[in-house]
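Consider the two complexes below, in which subunit A is the common component and subunit B and subunit C are the respective partners.
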Partner chain A sequence: MKEKLEKFFKIDRRWIFLLLAVVLFVPILKPLGLPNKTISRDTQNAFNYLDKLPAGSFVLFSLDYDPSTRPELQPQAIAAIRHAFKKNLRVAVVTYIAGSTGLIQQIFEKLPAEYGKVNGTDYAIFPYMANATAVMTQMASDFYGIYDKDQDGRDAKSLPVMKGVKTYKDMAMVVNITGTSMLDFWVAYVGDKYKVPVVGGVTAISQPGYGPYLQTGQLKGLIGGMKGAAEYESLVKEPGKGTSGIDALNLAHLLVLGLILTSNIILLVIRYL
Partner chain B sequence: MTEPWMIAGAWLAAGLTIFLFSFLYRDNPFFKIAEHLYLGAGMGWWFQVYMFNIWKPKVWEPLMAHQWGVIIPAVLGLSLVTQFIPKISWLSRYGFTFLMGYGAGLAVPAGLSTDFMNQIAGTIRPFSALASMTPFAIFNSLLIALGVVCVLFYFFFSVEHKGSVKKVSNVGIYFLMVYFGAAFGNTVMARFSLLYGRFDDLASFSSRGSFYATQIILAVMVLYFLVTGFTKKPQQGEEEAH
Partner chain C sequence: MKFIKKHIPLLIVLVVGVLTLASYYVPNKYSVDYLELMNKWENIVSAFAFLLGLISLFYSHYNKIKRKTDGWGYSLFVYVGFLAMVVPALMNGGRQMVDGQVTSLGWSFRYIYNALSATMFAVLAFYIVSTAYRSFRIKSAQAFVLFVAAFILILGKVPLGQIIWDSVLGWTHTGIDQVIEWIMSVPAVAGKRGIMIGIAIGAVVTSLKIIFGIERQYMGRD
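After this line comes the complex of A and B, so read on.
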């Protein structure tokens, strides 16, 4: 009996890889529609903060992630921008990660048309800039000192969407979705210093580290990982890639829990029986 | 009709993803190709980023517009490169001095305010409003304060950890373990999300519009492993996933 059970611990781990691949792939081929019933406090706060802004408010989106974290962060960005468009907020997008530019383009190829938004009038996209902290500091005195032109080479100051915007005090809030430590910079160099409300969207890995900023109110809300994206999608009532990923995440977590429980039970049986 | 460059992109993306995942089964030449391509493409990508997103708009174009002020930061930046020439490597100190002064001036006040003063205030502030707080919020505030004190004790090395100090620092360890557990759980979730993302892309590349890129490449890989599994003995130094 014991020998047979011990074989479980010598199982070729490639079988577990295969099992995990199947568990993650099946919901893509045949969605199960498992519900995402809980909305975390921090995602709800992020949603509420954006939701309370009056129409026409200026929101700066800093989208700082590259393809390596796209599955978690792109759905967050899409959901938050959808929300801003639905609320008729003015949107400007900046980035300090070169790999973001293609992903930002991907979002704005389709999304504005769904809400009848026009580039330059309702939203603006600014080119990639290196040295984020220097740019953030400079924007406090003059936004156009850094961004004199938008991504399409138009004079930024004369764009209708930028009317009345010169420094942080003209912005209603900053939304930073990032797979890097850029959110720390936004909190330290902009949120705390110039009293601009900052909302974040981060990978699930970074999420626990931002607890202190949430507790002190330095961050007004936080969207964490694919789960956070699914939560935000359900709040804006626009299911997307985050929601469809919940099936796969649920099944994969069940598999891990099952494996942990099974191996612990077997270990206990081997040791004590 | 899908555009040819989109089909080529789908084949490239599906191929590279499957090649890299194939290492989970066994080391193979396809994995090596993808690995080397990744390194080469990464270098190329960063080179063009520095050239066209930094050097051209921040140095070249202002110089062409006779904005001579950019020469100062450009020269300071170039001075860093002199490290590779031992005879004049001392010049790099000027660049580094500027970087250190600028970086410290920016980071120290912000760090002190954001990560130190505000965090201390955030831990203490709830105790000034206990009367208006719910019992759960009071418990929460006490727990946070207790956690902060205990963890600080754990990282305080100037007193020997014995007696009551050891007990308090041991409680700190439990707080740290809870944090590590939460962080690890979130890490697992994040990794699954990324894997799901790749699988989702592979599923979209398996459509007719992409000429069944995923299925064909996967079939070729399986065939390769079957053939080499029967004909080739594992060579020394060849890695396996298990």
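After this line comes the complex of A and C, so read on.
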């Protein structure tokens, strides 16, 4: 009996890989369609903060993630930008991750047209910059000292969307969606020092680490992982990849829990029986 | 010679370190100008660091190919991947889309970089699940607490988990979202805050040691 149970620990891991592949594929082929019943406090706060900004306010989006964290973070970015467009806010996008540029491009291929927004008038995309902390500090004294041109090579200062914007004082808030520690930099180098409200969007795995910033109000809200994206999508009333993606996670999460429980029950049986 | 190799660099670090530290707290035109200048220098140095890293990477993989070490064939893909992204970038001036049309750089980003990067990360999920089964052993009280917290967080992150919680523990009139809020706001924050304070104190102490010349390892052995 004991030897038979011990064999379970030595199971070929490819069986587990196969099991995970199946539980991920099944909901993609046949969606479970379970409703996301709760909205977390931090996502609600992020939504509320953006929602209460008056039309025409300038919001800086820092989208710092690459394709590896795209499934969690791209839906967050799309939902937040949709919200900004719906509220007629002015949007500028910067990035400090080279791999993010193509993902930003993909967001702005179709989204602005849905809301009748024009590049340069309602939104602007700025090119990738290395050395994030230096750029963040520089923007405090003169935005155009770093970003003299937008992504398309147009003079940044003369763009209608940038009218009256020179430093952080002229920005209503910063939204940073990132799979890196960039959000810590935005809080420490910009939010705290220049009193700019900062809202974040991060992967589920790094979400618990931002609790201290939320408690002290250094972060006004936080969208966490694919669930956060699904929550924000439901708040904006625009279901997207976050809502459909969380469906695939249903069974995968339960599989992980099931495997951990199984292995520990087997361990207890081996030890005490 | 010692003066040039040792004392001058230490003096530069001391002066620049103290000025940069002070300029953070002094909202003055001169301090802002100074910070801007330092930021520009930092960007220039970063660009050289990129170049140095690239040369080092190429050199290391060139040696692997030259010596035919184990897995040398993979090293070829370093050059293939580099060329697949850099050549289109140079051809299109770094633009991924022109007049609504995806350029060759945009194509490379979407169908090479995007796919490879996402695949690398997705593979990780399979190893995590396998490791969870093989290695997550509840052998102590601490491990049990960790397991309970992880169990609740994983369960509460998906609608199916919320439904299971409600059907099994609905009689407690406590939603899983409330339990998660508590875990995230109390024990998780307490732990994270302790780590953050520890890191911050360590960083301040190390910085001061470098500024005042106590820590000199960055200067090398000579």
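Definition applied: the second predicted complex is superposed on the first by the 269 of 273 C-alpha atoms of A that agree within 3 Å, B and C clash if a C-alpha of one lies under 4 Å from a C-alpha of the other, contacts with A are read in each partner's own complex, and residues count from 1 in each chain.
In this section, a contact is a pair of C-beta atoms (placed from the backbone, for glycine too) under 8 Å apart; a residue touches a chain by one contact, two chains touch by 3 or more.
Only a predicted model underlies this, so the values are computations on that prediction, with no experimental measurement involved.
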As a test of reading the superposition: which chain, subunit B or subunit C, is in touch with more residues of subunit A? C
State whether A:K241 touches subunit B only (first), subunit C only (second), both chains, or neither. first
Does subunit B (first) or subunit C (second) touch A:T137, or do both, or does neither? both
In the superposed arrangement, does A:T262 touch subunit B (first), subunit C (second), both or neither? second
Quick check on the superposed pair: does A:A204 touch subunit B, subunit C, both, or neither? Answer first, second, both or neither. both
Once chain A of both complexes is superposed, is A:I28 in touch with subunit B (first), subunit C (second), both, or neither? first
Subunit A positions within both the subunit B interface and the subunit C interface are 13, 17, 20-21, 68-71, 99, 127, 130, 137, 193, 204, 207-209, 212, 215, 225, 227, 249, 252-253, 256
Which positions of subunit B touch subunit A when the two form their complex? 24-25, 45, 49, 53-54, 57-58, 106, 110-111, 113-115, 118-119, 121-122, 125, 144, 179, 182-183, 186-190, 192-200, 203, 241-242
Show which residues of subunit A lie in contact with subunit C when the two form their complex. 9, 13, 16-17, 20-21, 32, 34-38, 40-41, 66-71, 99, 101-103, 105-106, 109, 127, 130-131, 134-135, 137-138, 140-142, 145, 151-152, 193, 204, 207-209, 211-212, 215, 225, 227, 246, 249-257, 259-260, 262-264, 267
In the complex of these two chains, what residues of subunit C are touching subunit A? 24, 32, 35-36, 38-39, 42-43, 46-47, 50, 94-97, 106, 109-110, 113-115, 117-118, 120-121, 125-126, 128-130, 132-134, 136-138, 147, 151, 153-155, 157-164, 175, 177, 180-181, 184-185, 188-189, 192-193, 196
Could you list, by residue number, the parts of subunit A that touch subunit B in their complex? 12-14, 17, 20-21, 24-25, 28-29, 68-72, 98-99, 127-128, 130, 133, 137, 184, 187-189, 192-193, 203-205, 207-209, 212, 215-218, 224-227, 241, 244-245, 248-249, 252-253, 256
